[in-house]
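Chain naming follows the written order as A, B and C, and within any one chain the residues start at number 1.
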Amino acid sequence: MTVRSVEDLLRDTRLFADLPPHHLETIAGCAVTARFDEGAHVFREGGPADTFYVIRSGTVALETHMPGRGPARLVTLHDGDVLGWSWLFPPFRWHLDALALEPVAAVAFDGVCLRRKAEEDHDLGYELMRRFAEVIVSRLQATRLQLLDVYRHDG
Amino acid sequence: MKVLDPRGLEALLEALVERGYRLIGPTVADGAIVYEEIRSIADLPAGWTDEQEAGTYRLRRRDDDALFGYAVGPQSWKRVLHPPSVTLFRARRDGDGGMELVDGAEEPEPLAFIGVRSCDLHAIARLDRVLLGGRFVDAAYEARRGRVFVVAVNCGVAASTCFCVSMETGPRATSGYDVALTELLEDGDRHYLAEAGTGRGEELLAELPGREATAGEVEAGEQVVERTAASMGRELDTEGLPELLAASRDHPRWDEVADRCLTCGNCTMVCPTCFCTTVEDVTDLAGTEAERRQVWDSCFTLDFTYLHGGGVRTSPRGRYRHWLTHKLGTWHDQFGSSGCVGCGRCIAWCPVGIDITEEAAALREAPE
Amino acid sequence: MAEPATASHFLPEPYRVVRRHRETADTWTLDLEPAAGGDALAFAPGQFTMVYAFGAGEVPISLSGDPARPERLVHTVRIAGATTRAICTLDRGGVLGIRGPYGTAWPVDRALGGDLVIAAGGIGLAPLRPALYAALARREELGRVVLLYGGRSPDQLLYGPELERWRAAGVDVHVTVDRAGREWRGPIGVVTTLIERAGFDPERTTALVCGPEVMMRFAAAGFVRAGVGAERVFLSMERNMKCALGQCGRCQLGPVFVCGDGPVFRYSEIEPLLAVPEL
């Protein structure tokens, strides 16, 4: 795949859709396409968090392992969703398992490369942080609503 | 306008009884003036007055024998028109799993209300709006209401808790009555100015002993009402009140009154326009017959807003705010008028003396 | 006894249970027919009846059947107390008292010529099902018809086989659950996350939302964030009701009575009231 097509793919994502072209080019330089088979782990808890993904198609489940209870599935991510934030901050380790529930096509971003470029160009760094903050806030709100367990039957 | 002498007043009551009405009027019982069945003017509270203040109600002797020389007591006509307990229907299980449902309504008897004050006339009109003028007509209320003859009395006395002038509901009776009386006291004699408000009121008055009122007597009647209007105990500024209340949901005054309010619900019981109810289901021991009753309820009860294992509105702050905001504010949105008629009952009968006029004024103050 | 001028609105009609279907551990769907024969009462999607269980009590239950099929009434009921327990444990052939219908309706007609998105949470799908039937009856007059349905867990989902039939009839059906084990192949996450991915044209969309109040607030806000005007988003509210006639006073939410001014409300009108705790 040429860098040019990866740029087109990035423009299609909600995450980078309105990014100024020069930043888009920089980021595309750190991105490649990736595929995962059904049942494959995209990443595992504790592993080095050097890559993040934007899902193009397929479903990924975030899970954690609980002794005595087996894997607990927390949430699923789908087309257009960002997968992975732990690459942003030390210790750069994954907190959860990510499991492909069906064949997954994604754009994979080199986190190490992007962290370095963000340090060099704070403008780019700001654009990245702002977008990721929005994703994290949205996930947090959804998680809080999930936590409220609104369908639980009291009384 | 006619003038009746005390014999004329007795004749009025007799004429009503003759027409088949059961008389309900003011009488002294348990240290208060209440509305009960009466037989003659001998049952009326001659020579009594009431002394009312926030959290206080006492009967006192007058130095004359006026029959209507007091304001209003703990009961209103709502107790008769929208009774505390009404059977809605009876259900009976039949042999093959079926259910027979029978309306619990009974033929209402004709009643004559004696001595209805202007504030209470307006209160009855407000209840009419809720129970007759909405999407659905309360059939039992309609039936009861249709068999009532109203003899109003223009107030000669205002209690310190009265504020009908502020609410534009008195003290003069202007509508909703068949006959309106004004008691004139002169040198120990009682006379009654009487005017009709309806055709049947007209017919009734024509039968009674009396004569045409003189200009002086009519003037005296005006002065009675004017004096009462000038001696209102309290005021309530209604200007822009619904909008103010809608914008004041977070006003600190609510916390302040919540510290005092016991949520006992007395205010809702004595208020002549509070209409909230709940239902009760009772069955016999065999489980073959059941009855559903509508009973008075109060928005101050904890389970008034029960939903999904808890109440929506459970704090005293929330409950008081709802009551006041409804009475003086959202009543306008729902029914086109205030729910308050300025009778002052809630002020007198609140055990801690919370005063609706004081609360309304406090909410106008900008929060510190 | 003289005939009253107006018949009592409190007197229910007896209806017989002709079918009982268990949806989940505590939720049943009952099909009812008038005990005296004839057609059941006519209703609009979103309306409810007051359901009386002999000697136990009376509760408001949304109608969840097809408004175009007048032979029977359908109610989906969850056991939440003594009255709903009495209703759900009634055998086939047992009789309930029904009066109604009451309340405002889902504005399905307003959606014609555009997209219709239905967001249901938990048992909130029951009051929305009649809207979906009404929409399917006029499928050609609608663009996309989307159902976003969230439940607590897979065993709490209603109307399972029917979800498939709706997919086949041209509805985009997306189902998610708050929690599931690994045997669940579908999405896990709150129903609001489905809104972003749903693929509707916000400028031509009418959104109907029903579920627990918190879910409705989040979902309605989610639609507005996605570009659907607040005046095109509708919620179905719930409050304690004893009369459904606007006379017992209990269902008030600020100036409105949920039984008569609702239960279906336009989000732009109800949103300021929803924001006030204990209103």
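As a convention for this text, contacts are C-beta pairs under 8 Å (C-beta built on N, C-alpha and C of every residue); 3 or more make two chains touch, one makes a residue touch a chain.
In this text, all values refer to a predicted model and were calculated from it rather than measured experimentally.
Novice: Of all the chains, which has the CA centre nearest the overall CA centre?
Specialist: C
Novice: As a test of whether you follow the contact definition, which chain pair has the most C-beta contact pairs?
Specialist: Highest contact count among chain pairs: B-C.
Novice: How many Å are there between the centre of chain A and the centre of chain C, using C-alpha atoms for each centre?
Specialist: Whole-Å distance between the two chain centres: 36.
Novice: I'd like to verify one number: the distance from the centre of chain B to the centre of chain C, where each centre is the average of its C-alpha atoms, in whole angstrom.
Specialist: That pair's centroid distance is 40 Å.
Novice: Distance-wise, how many Å sit between the C-alpha centres of chain A and chain B, to the nearest whole number?
Specialist: Taking the average C-alpha coordinate of chain A and of chain B, the gap between them is 67 Å.
Novice: Can you list the residues of chain A that touch 2 or more other chains?
Specialist: Counting only residues that touch two or more other chains, chain A contributes 155.
Novice: Could you say which residues in chain B touch two or more other chains, in rising order?
Specialist: Those would be 308-309.
Novice: Please list all residues of chain C that touch 2 or more other chains.
Specialist: In chain C, 80 touch at least two other chains.
Novice: Residue numbers of chain C touching chain B in their complex, please.
Specialist: Going by the criterion above, the answer is residues 1-2, 4-14, 16, 35, 52, 54-58, 80, 93-97, 238-240, 242-243, 245-250, 252, 254-257, 260, 276-279.
Novice: Which stretch or stretches of chain A touch chain C in the complex?
Specialist: Its residues touching chain C are 14, 59, 61, 71, 73-76, 78-80, 101, 141-142, 145-146, 148-153, 155.
Novice: Can you name the residues of chain C that touch chain A in the complex?
Specialist: Those in contact with chain A are residues 26, 78, 80-81, 121-123, 151-152, 156, 176, 178-182, 184-190, 192-193, 196-197, 211-212, 214-215, 218.
Novice: Tell me, which parts of chain B touch chain C in their complex?
Specialist: Answer in residue numbers: 88-89, 91, 93, 97-107, 130-131, 134-140, 142-143, 146, 246, 249, 275-279, 281-283, 287, 290, 292, 294, 297, 299, 303-309, 312-315, 317-318, 321-322, 326, 329-330, 333-334.
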